[in-house]
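Both complexes below contain subunit A, partnered by subunit B and then by subunit C.
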Partner chain A sequence: MTQTLTDNDALLIDGVALGSRLIMGTGGAPSLEGLEAALVASGTELTTVAMRRYAVHGEGNTAGANLFDLLVQNRIRVLPNTAGCFTAREALMTAELGREALETDWVKLEVIADEHTLLPDAVELVEATESLVNRGFKVFAYTNDDPVLALRLEQLGAAVVMPLGAPIGTGLGILNPHNIELIVSRASVPIILDAGIGTASDAALAMELGCDGVLLASAVTRAQDPVRMATAFRHAVIGGRLAAQAGRIPMRTHALASSAMEGRADF
Partner chain B sequence: MSTIQLNGAARPLLTGTTLSALVTEVTGRELLPTGQPIDGGRLGVAVARNSGIVPRSQWSRTLLEIHDEIEIVTAVQGG
Partner chain C sequence: MSCTVPDPICSDVAVIGGGIIGLSIALEAQRAGHSITLIDPEPATGATFAAAGMLAPISELHYQEEQLLALTLASAARWPEFAARITAETGMDIGFRATPTLMLGADAADRIALEDLQQARLRLGLEATRISIREARTMEPLLAPHISSAHLLTLDHQVDPRLAAAAIQKQLLAVGAEREGRGADEVLIRARARELLHQDPTDTASPVIGVVLDDGREIRAPEVVVANGLGALELGGLPHHLVLPLRPVHGDILRLRVPEHLRPLTTATVRGVVRGLPVYVVPRNDHTVVIGATSREDTNAGASAGGVHQLLRDAQVLLPAVLELELCEVTARARPGTPDNAPLLGRVEAANGTVIPGLLIATGFFRHGVLLAPIAARIITELLAGVRDPAFDHFRPDRFSPARQHQESA
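And then the complex of A and B:
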C-alpha cells in the first residue's frame, strides 16, 4: 500500500494541525509572484511576515497590503515576527501590532543582539517571552542552540521553541547537531529548527535529529531556482521525518555483509 | 498649519478627522464602525497613536489631534 506521507502526522501547535512540517518564511524574495510560486511549491501552511510601516500612497510601493492578501488567498496561516527588535520593549510593541493587524495571537519572537551576527539576545528574549505569554500570546521563541535556554523558554510558557542551526542567512546548516538533539530530547513543546538552513540535506538532518519542523526563507527565496528548491525542501522534510520515525541502523566500525556467505558457487 | 505625523512624515490635519477616515484614506478601503472593511475582506493593518495601539474597534471614535504621531503598519516580507 502506498503511504500518504503526511497523513496522520500533522504538526500540532496550539490546537492547530499543520499538514506540512516545513514552514517557509517570506523574506528575501525579489518579487511577490516568485514568492507565491515558491510558497505553493513548498507546501507550507504557515509563513512568517514582518510588521513594517504601510507604504502611504505616493511614498513607495504597496507590497505590504498585497502580501497579506496573497497569503489569505492561498490560505496560508500568517506568523508575524518581531524581526529587527533589539529589546524586549520593542518586541512587545511589534508583537501587539502584529496581533492587531493580522488577527492572530501567534508570534515569532526574535530579539537580536546586533546586526552583525543577528544572534538572539538571551536576556531580552527571556524577558520578552515572559511578558508575551502573560499577555496571551502564543510565543514561537527564536533562540540560540542552547539546551539550557531552550528548556527555560519552554518553562516560561513558549508554545514552540525554535533553535537556530546557524546564524540567519548564512546557509551554514546545523553547526551543533548534538545540541539540537539534546534540545529535542528534553522538550515537551514542538521544536522547530529555524535559521541557517542552506540546502535540502540540512532540513532532512534537522528532522532526523528529531525536530518537529523546519523554518527557512533565504534558502529558498535566494536560491537560483526558488520553486525547485522549495520542492526539494518539501521532500527533504518529509524524508527526514520518515527516517527519524523509521529507526536507523546503528553505525558500525567494520563492514557487515548483507548477502549471505553460505551457498556460494565454487569456481 | 495643523499637522500630524503619519509614518514619520508630516501631514495636514483637518479638524474632526477620525482615525477611521485616515485609515480609509491611506488604504483605500471603506470601513465599518467596527473597523472591519466593508468589502468583507481582512484589512491586515494596525494603528499606533502616540506609541499606544488603538484597537480597530475604536478607530471610528478616535478623533485625531494636532501633533499626533500615527503609525500605520502592515505585513511585509520577512523571515
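And then the complex of A and C:
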C-alpha cells in the first residue's frame, strides 16, 4: 500500500528522479561493511561524501575496499560535498576536485564558520554559491534555518536549498520548525532538511513541515544498530511525506468526539 | 631444512613483511622448529612504528563486532606470556605494562555515550567498572577536574611495539645463527618481495613454492606467509580470484616527553571521548607519552596539521598538563583497513574449493595489529602444522572473494 502511494512521488532534482527522499551522509560509520548495510537498509539513492576526507581511487585487486566502490556497486549516486571548508575559495577548489574525480556537476556546498558550532558562514556561503553556479555546478546549498538567506541562495541559482534543523552532529532535531515551514512556503526549488536529525520522528517532522527530503548521517552511522535505525528513517520519511500530503486536521483547544452525531438512529 | 641447494636461498617458511605481525609469526614458527626467512626492506617501519601498543580489547569494544572481540580477547590473554618469553629469550624489556586503562568522558553527551557502551560491556560479561570522578582523580591527580565520567578497565594493558619488534628481530637472527648456522642476511632479507613463485608459473591457484624479490633473487620455501599489510596490494602472484579489500586508513600519532616536575603525567593509560572524538594518552617507562590517533581516509600519507591540532586539543581536555610537554615526534602511517575491521587471516581456497598449498595470508589487522600479534602467530603456526581451528574461520582471507561469497549464498 505504502509502495503504491509513493510510487509516483519521485524527488526531481536537475532532471533526475530519486525514488527515495532520504539522502544519506557517510561520516562516522564504524566500518565500511556496516555502512554499506545501513545505506542499503535506508533505501537511499543519493549519498554525500566529503571530498576532503575520502580518497576517490583505490588500488590493486580491491573491489569493494573503498567507499566509492561501495556506492557504485549499490548503484547509489554520489553527491560530493565540501565539508571542512571555511572559506569560499576552499569550497570552490574542493568542488572542482569533486567534479573532476566523480564526473558530476552536483555539489553539496558546505562553508563552515567555526569548528565549535559547525554552522554555515552566511557571507562566504552566498559568495561560493554565486561562483559555483557561474561555473556550471548544480549547487545543493547547506544553510542556516534563515528564510531570508534561503531565498537569497535560490535567487543566486542554487538547485537545492538545505536548511539545518540543528547544528551538525547534535541530534537536537528541528529547533525552529516555524522557520523551516516558512522557507518551504516561499521556495520554488527543492528544500531538503540537512543536519541536526537525531531520531526517526525528527525526519517525519521535516517531511510534515513540507520539506522535499531529509539528509542525515550521524543519526544512523553512530547509532548502536545502524541498520535498524536506517530502516526506521526510511519509514519515517515515507510516513512524514504521506502525512504532509494527506491534509492534517486542525489543532483545537476543545475535544471533538471522533464519532460524530450525524447518521445515528433518531429515537 | 626442506632444501639444501645453496642458491637460491631456502628455508621452511618465508614470511613477507617485517611488521609486528610478520615478526611475531616468524618468531612463533621458528619456536616450532621451522627455519625462517623474513623479507622486508625496512622491518618495523610501517604501522608498527606508529602504533601506541595498547592491548585494549575492552576499551576498544564497538557495537556489533562480537566476532572481532572474541579474537582480541583471546590475543590479549596471550600477551603477558608472549611478552615474558621474549624478554626471557632476549634479555630485552619490551615495555609490557599490566597497568589499567581509564576511559573518560569530556561532556554530558560523551558521558551518555560511554555509559551506553558500559552497558554493552556488562551484557558481554567484560570487566569494566564505573568509578567516580573523585576516584579517578585520586588515581591520576593530573586529570582535569571537569571531566564528565570515568570507567576503570583493569585488564587493558600496553606494550611498546618498537621495543617488541626490535627484540623479536634480535631473537630471530640469534636462533637462525645458533640453530641453523645462517647469517643475519639469510634470515632477514632486506628487499622488497615482488611476487609469489608458483609450482605452475601459469596458474596462480597452483601451490606456492617461494618468493621472487625486486632484485630478481628467489627465496624457496614450501610455505609462504603474506604479512606485509597494505603491501599485499602490490604483491604479484596472489591467486587471481582472491580479493583482498584493503584500504589505507591514515593515522597521526604524537610522542611527547614529560618534564621532571610533571612525572608521572599518568600511570594508567588514559582514553577518552572528547565531544564525540576518541583520543588516548599512553604513558611509557621512559617518561614519554604517546598521544593518538586520528583516522583519515584522505590521500595525505604525511602528518596532518589538522590531525595534530585535534589530538592536542582533545588530549588537553582530559589532561591539561599535556600542553606543558615537549613535543618530540609527529608520525603518520597508514593502517591496513578492511570492510569489517577484522583481519584477513589463514589459508586460501582455490575457486574449486581446495586449499592452495604453501600460501598463508595474515594482513588487514587495521587498528589491532599489536594486540592481535600473538593470536595471529599462534593461528598461522598451527596451520603450518596442519591444524585448523574452525573458531577462526570467520577471519579467513578469502571471505570477500567472489567464489567464496557465491558458495556462502548458495
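Here is the rule we go by: the second predicted complex is superposed on the first by the 241 of 267 C-alpha atoms of A that agree within 3 Å, B and C clash if a C-alpha of one lies under 4 Å from a C-alpha of the other, contacts with A are read in each partner's own complex, and residues count from 1 in each chain.
One rule holds in what follows: a contact is a pair of C-beta atoms (placed from the backbone, for glycine too) under 8 Å apart; a residue touches a chain by one contact, two chains touch by 3 or more.
Computed from a predicted structure; not experimentally measured.
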item: Touching partner for A:Gly34 - first (subunit B), second (subunit C), both, neither; value: second
item: Partner chain in contact with A:Leu67 - subunit B first, subunit C second, else both or neither; value: both
item: First (subunit B), second (subunit C), both or neither touched by A:Ile112; value: neither
item: First (subunit B), second (subunit C), both or neither touched by A:Cys211; value: neither
item: First, second, both or neither for A:Leu18, with subunit B first and subunit C second; value: neither
item: Which superposed partner A:Arg52 touches (first subunit B, second subunit C, both, neither); value: both
item: Touching partner for A:Gln224 - first (subunit B), second (subunit C), both, neither; value: second
item: Subunit B or subunit C, by number of subunit A residues touched; value: B
item: Subunit B versus subunit C as contact partner of A:Ala244, first or second or both or neither; value: neither
item: Partner chain in contact with A:Met162 - subunit B first, subunit C second, else both or neither; value: neither
item: Those residues of subunit A which subunit B touches in one complex and subunit C touches in the other; value: 52-54, 59, 63-65, 67
item: Subunit C residues touching subunit A - in the complex, by the definition given at the top; value: 62-65, 116, 120, 233-234, 238, 242-248, 276, 296-299, 337-341, 400
item: Touching residues (chain side subunit A, partner subunit C) in the complex; value: 30-34, 36, 52-55, 58-67, 169, 222, 224-225
item: In the complex, subunit A residues that touch subunit B; value: 25-29, 35, 48-54, 56-57, 59, 63-65, 67-69, 71-72, 78, 80-81, 83, 93, 96-103, 168, 195, 215, 217-218
item: Contacting residues of subunit B [partner subunit A, same complex]; value: 6-9, 26-28, 41-48, 51, 53, 55-56, 71-79
